[in-house]
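Here come two complexes built around subunit A, the first alongside subunit B, the second alongside subunit C.
Our next item is the complex of A and B:
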């Protein structure tokens, strides 16, 4: 099988890159193992979380950082372009690259972010939360949503909360098995009559609250259920992300994947690239677990297989490697250098990844593979947690790589 | 809540390890008004940092006949009184091609001298009995080893001590003694908020393991101890069902023990300075030795996911006439400081091992009774612990257990007959907090209400929550939610959760490669990233760095 570009990895970065290329006329295939970091996404994306204006903050990052490799101007331009892609894919969100806004995390921390999905709680500043009192509603027996923590977080900024526990017979089937009460399973049954029951409960229990906050367990495939519920409820209603699996994350992944397929992309789900054939400094083809000896060939390739969590990088007792091609990586040699003994301190391993040139092209033994690009969290010299850059790096490097590929023709 | 109306007791036991808990139980059962004080949580020291091996005594048969005989006697007693903490797995002593097979004959004879049933079997039979064992073995001996859960064992002793009227205070550190002339009359305590209190007793028993040296010094007596650190690894699933030992002189990583859902390899042995007894770190070298030697016992270990590394400190006591520490005893040391040092009302019980905790408790309690002029016989060798009493259910045969859900079976395994106090049979209580270890909401609430749970680390030790393959990834937040609700303090629960996750990391970084590194990256993204969790930089949580 032959494509213009093959992308290894179907998470946020792989999908954004694939969509950008397909929109510009390429035949693209994405090979995806399945789950990605999107599956525990919070409903918000970060560009740079350590200062008010992300674009200004980027300038202070080290020059090997992916943002610095692209430059501030291009980073800003891709941060703008993604809005168009998200809109086309029906991922509805808002935010500005020049000014962070704030979202609520599952444990009630108020955190600066770049983009937030439209049905999620957000405010321009923690000191200017538009409500004096809110109602936090959980489902009886649902353990991955923490109204007490959220109430405590809001109280720090002077917002009062009433906590309600909503019991529905509709949950009885889910509760039959003790592991079924998860956001994604709950979201599946949130339709029709159940939404009406919930709306009735909310309307009668809201009291003097000015807004309603619910766990993000509505609308797994699209926002129909969200719109229906909102239409029936008299007060403003917002969602707060839960512990995984994340409904907004899964929904975003599905929407991006559907859009990619709609514009002609091929999404090979549940498959893994196992090896590649390199000749004269170019990757000719790859083999996957499901396709056996049949090779997939393309003019260009993108590796967006993620960091350790997604097995884009593998650490053994002795060393760290990129498992498919053995790409050159940046990592410390001695195991004791990989980590800090305090979980909350800077962890060196988070910054490990494949090293690239300024076009994000990978290399093996110092020799550039001219048509193999890397995007997203597999790139070295970024630390999503220290910098608050996770989603932003995934998105902007993906779009940058797509443009490089188009330019290379 | 204290049961005693005032601050005066017959006996104060210092130390919430298994020896202290056992001693408090024995004292209380003999009718003594008893108080147990612990500076942190139960099982925070060596009790929670060992193999969890129900020794047959065979390991000591060649080197220490006295310890070997003590072990096999206590082995038989524990199977009876602590049946819900014991798994009678049986054990093997294997000889590998590089070992001397003639050692086996001497070993079996030594076992028999100590009263341990040891039987040489055909290596092929041994492989059938335990398929994970190194197939190259040239010799195998069966012994009555087993697995014992030190957390459950300690909790059951504490519970029974309380049922017999004892008072228990955790998170109170001894800061000094009330002394009048040459008599110890009480202890001064300080809790974690710095509040001080004083309790009085006719006899104070120092059951603090390696920390007993420091306690003794406060009482004005010298007990010369040598801390010996042992490191262990926990594997992500139950590799073996039978304890595997190496049939040679005791050495590094020569015992592989199955326990609940996991297997443990250990130990290394190294002297450490006394100042380091609270460090509990495991070096990359120790990890490498454990993996290399462990894989000789069961080759599959080299490809098995490691969950955690941890270490504990054995309290080795130097003989009184030998300050250099060359002549060190691994046996039980029960010191009457009146006789030895002229300090009345003070006893130190130390040395020994998990296996002999009950015997140590008996010896210390006998001494206390003598001092108090109390004539009461020890009953701990025959009276089952709470959870291990013969139950009506067991007479009903196996049929009832089939009716139980998985989480109820797991809880029954953990709490024995006490599991009847766990709310179940409704969807809310049966919902799982910890999916790896099948810990339900009902079990968590039972532990919070009945088992001295102040934080998530306590909860883990009482229930196994967070001890499974994901090391608390999802259950930390769920349990923090329940604890926050029970204590009505969200902020404290979040700080507690931050500390709990950091504590889990302590046992993971020495083995941070492969799936462990992938898992911790996920945990970090989730808690630091998605949740925005930050540790409390202000006061900090004064929790020990427990590892198991």
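Our next item is the complex of A and C:
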């Protein structure tokens, strides 16, 4: 089977790259080993979380950092371009690369971010939260949402909270298997009459609260349920991300994947690339577990297989490696230097990944593979947690690589 | 077993990082709260069961073995296999008469084709359906597939076998129970198509059911016996230099993966030679070995439904790519989701309402799609969709045969 470009990895980065290429007329296939880390998405994306203006902050990052390799100008331009892709895919979010806003995390931390999905709680600044009192509403029996944490997080900034526990007979069925009362399963029943019952409860219990906060358990496949509920309640209503699996994350994944397929992309889910045929410094084709002797060939390849979580990188007792091609990686040699025993300290391993040239092309034994690009969290010299750069690197490097591929023709 | 003693198993459950992604895509979890969900039923439960079998939960019977949990798992945990193996190893419930009848497709099929007119009209009668529900717990809402009046193999030996020797290339066809007893036309369509491109179609000496129905009804000894027989036949075909192709995605999946993972039979020497008809044909076209020519007057709008086991194989692309090659065929891709029937699962009274609830979004999408027919590679998906969405369902191979310009195709491939 032959494509213009084959992308290994179907998460945020792989999908953004695939969409960008398909929009510009390429035949693209994405091979994805299971679902991606987007299923843990908080409803927000970070570009750079350590200062007010992410684009200014990027300048202080080390020169090997993916943003610095692209340069501030291109990073800014891709941060702008993604808005168009998200809009076309019906992923509705807002935010500016020149100024972070703030979101609420599942444990009540107020955090600077770049883009937030439109139905999620967000503030321009923690010191200027527009409500003096809010109502935090959980569902009885639902264990993945902690209103007390959120209340204490808000209290730090002078916002009072009333905590409510909403009990509905519709939940009885869900609670039969206590482990299965998850946001994604709750979201499946959030339609029609149940939304009306919830709206009635919210309207009668809000008291003197000025806004309503609910767990993000509405609208698994699209935001219809969100719009319906909002239309029925009198106060402003926002969602707060829950523990995984994340409803906004699943929705974003499905919307991006559907859009990619709609514009002609091929998405092969549940398959693993096992090897590649490299000739004269070029990757000619790859073999996958499912397709066996049917090789997949292409002019260009992108590896967006993620970091340790998605097995884009594998750590054994002795070494860290990229498992498909054995690409050159940056990592400390001695295991003791990989991590700090204090969980909250700087963790070196998070900055490990594949090393690339300035076009994000990978190499093996120091020799460049001219048509194999890397994008997203597999790239070395980024530390998503320290820097607050996870979503931004995934998105901007994906769009950069897509343009490099188009330019290489 | 020594594995149990050392508390180490072959299964991949230690790789589970408890991310819960599988539970998002489990079709059963979405409709049946009594089912503990793939994570709990699979890797989580396995840790307990290894300590004490008493932790086995009979609700695992609700798993319909679609393997969609495995397709979405980012950690390559064989969740579906873990659940099926636990059912076989720990469940104390025995198969009932109904399960024997549903699972013994060869026996029931042979008898039914001999008196197909009586069987078909009887099984349509509401009173008979009520009796079947009362006595056997086969749900009375379910339509039965009708039986053919002649088995495919009988027709083949009489009408087709002799000329198959005259072709340059040959392939062995695993027709499966459905083609043999219910719908021989699909087998004939495959022969028409392959003959036109220069391939003779051979059958096995004695093909048995692939065993999927016996596996899901816990008739493991019988399933293993059938599987050994089939593997021997497959090895004979491979020794002749032939691949073995099935038109049923589930037959192909079962022989490739379930024989090894569930029945513990080593099929690694021939696994790569067990293929699906659409993938086999696609590869011949892709490598330039054959060419197809299509009629100008074929015009149809068709929706494709991806069966769960075909999704697990990762081979949906071959069937849809072939359909896209037909100039007059407008293809509508349905969302990839389980239709709910899962072979014999949806026939059982205790599963019927879940089966229909699982398929409901698919049925709705089909009804709104405005297509002439649905195409799919799985026979039980066909029964479910025809009954529940009221649209005719055809196999991609039958559509290709219908659209094919036979004379032009023969000429292109140098077949006299």
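Here is the rule we go by: the second predicted complex is superposed on the first by the 409 of 409 C-alpha atoms of A that agree within 3 Å, B and C clash if a C-alpha of one lies under 4 Å from a C-alpha of the other, contacts with A are read in each partner's own complex, and residues count from 1 in each chain.
Basically, contacts are C-beta pairs under 8 Å (C-beta built on N, C-alpha and C of every residue); 3 or more make two chains touch, one makes a residue touch a chain.
Since this is a predicted model, take the numbers as computed values, not measurements.
S.K.: For A:311 in the superposed arrangement: first (subunit B), second (subunit C), both or neither?
M.R.: both
S.K.: Quick check for you: in the superposed arrangement, does A:176 touch first (subunit B), second (subunit C), both or neither?
M.R.: both
S.K.: Just checking: does A:241 make contact with subunit B only, subunit C only, both, or neither of them? Give me first, second, both or neither.
M.R.: first
S.K.: For A:341, is the partner it touches subunit B (first), subunit C (second), both, or none of the two (neither)?
M.R.: Once the two structures are laid over each other on A, A:341 reaches subunit B alone.
S.K.: In the overlaid three-chain picture, which partner chain does A:204 touch, first (subunit B) or second (subunit C), both, or neither?
M.R.: neither
S.K.: Have a look at where A:280 lands relative to subunit B and subunit C in the superposition and call it first, second, both or neither.
M.R.: After superposition on chain A, A:280 lies in contact with neither partner.
S.K.: Looking at A:40 after the superposition, I want to know if it touches subunit B, subunit C, both of them or none. Which is it: first, second, both, neither?
M.R.: both
S.K.: Once chain A of both complexes is superposed, is A:146 in touch with subunit B (first), subunit C (second), both, or neither?
M.R.: first
S.K.: Would you tell me the residues on subunit A in contact with subunit B in one complex that are also in contact with subunit C in the other?
M.R.: Residues common to the subunit A contacts of subunit C and of subunit B are 37, 40, 175-176, 179, 244, 309, 311, listed in rising order.
S.K.: Where on subunit A does subunit C make contact in their complex?
M.R.: Against subunit C, the touching part of subunit A is residues 1, 33-37, 39-40, 173-177, 179-180, 182, 184-185, 188, 244-245, 250, 261, 266, 268-272, 288-294, 309-311.
S.K.: Can you list the residues on subunit B that touch subunit A in the complex?
M.R.: Residues in contact with subunit A: 281, 284, 288, 291, 405, 407, 427-428, 430-433, 435, 440-441, 474, 477-478, 480-482, 484-485, 490-491, 493-494, 498, 501-502, 505-506, 509, 512-514, 517-522, 524-526, 528-535.
S.K.: Sort out for me which residues of subunit C touch subunit A in the complex.
M.R.: 17, 19-21, 23-25, 29-30, 33-37, 39-40, 44, 70-76, 272, 279, 283, 286, 311-315, 317, 333
S.K.: Given the complex with subunit B, which residues does subunit A contribute to the contact?
M.R.: 37, 40-42, 105-111, 140-141, 143-144, 146, 148-149, 151-152, 171-172, 175-176, 178-179, 181, 241, 243-244, 246, 307-309, 311, 314-317, 335-336, 338-339, 341-344, 347, 349-350, 384-385, 390
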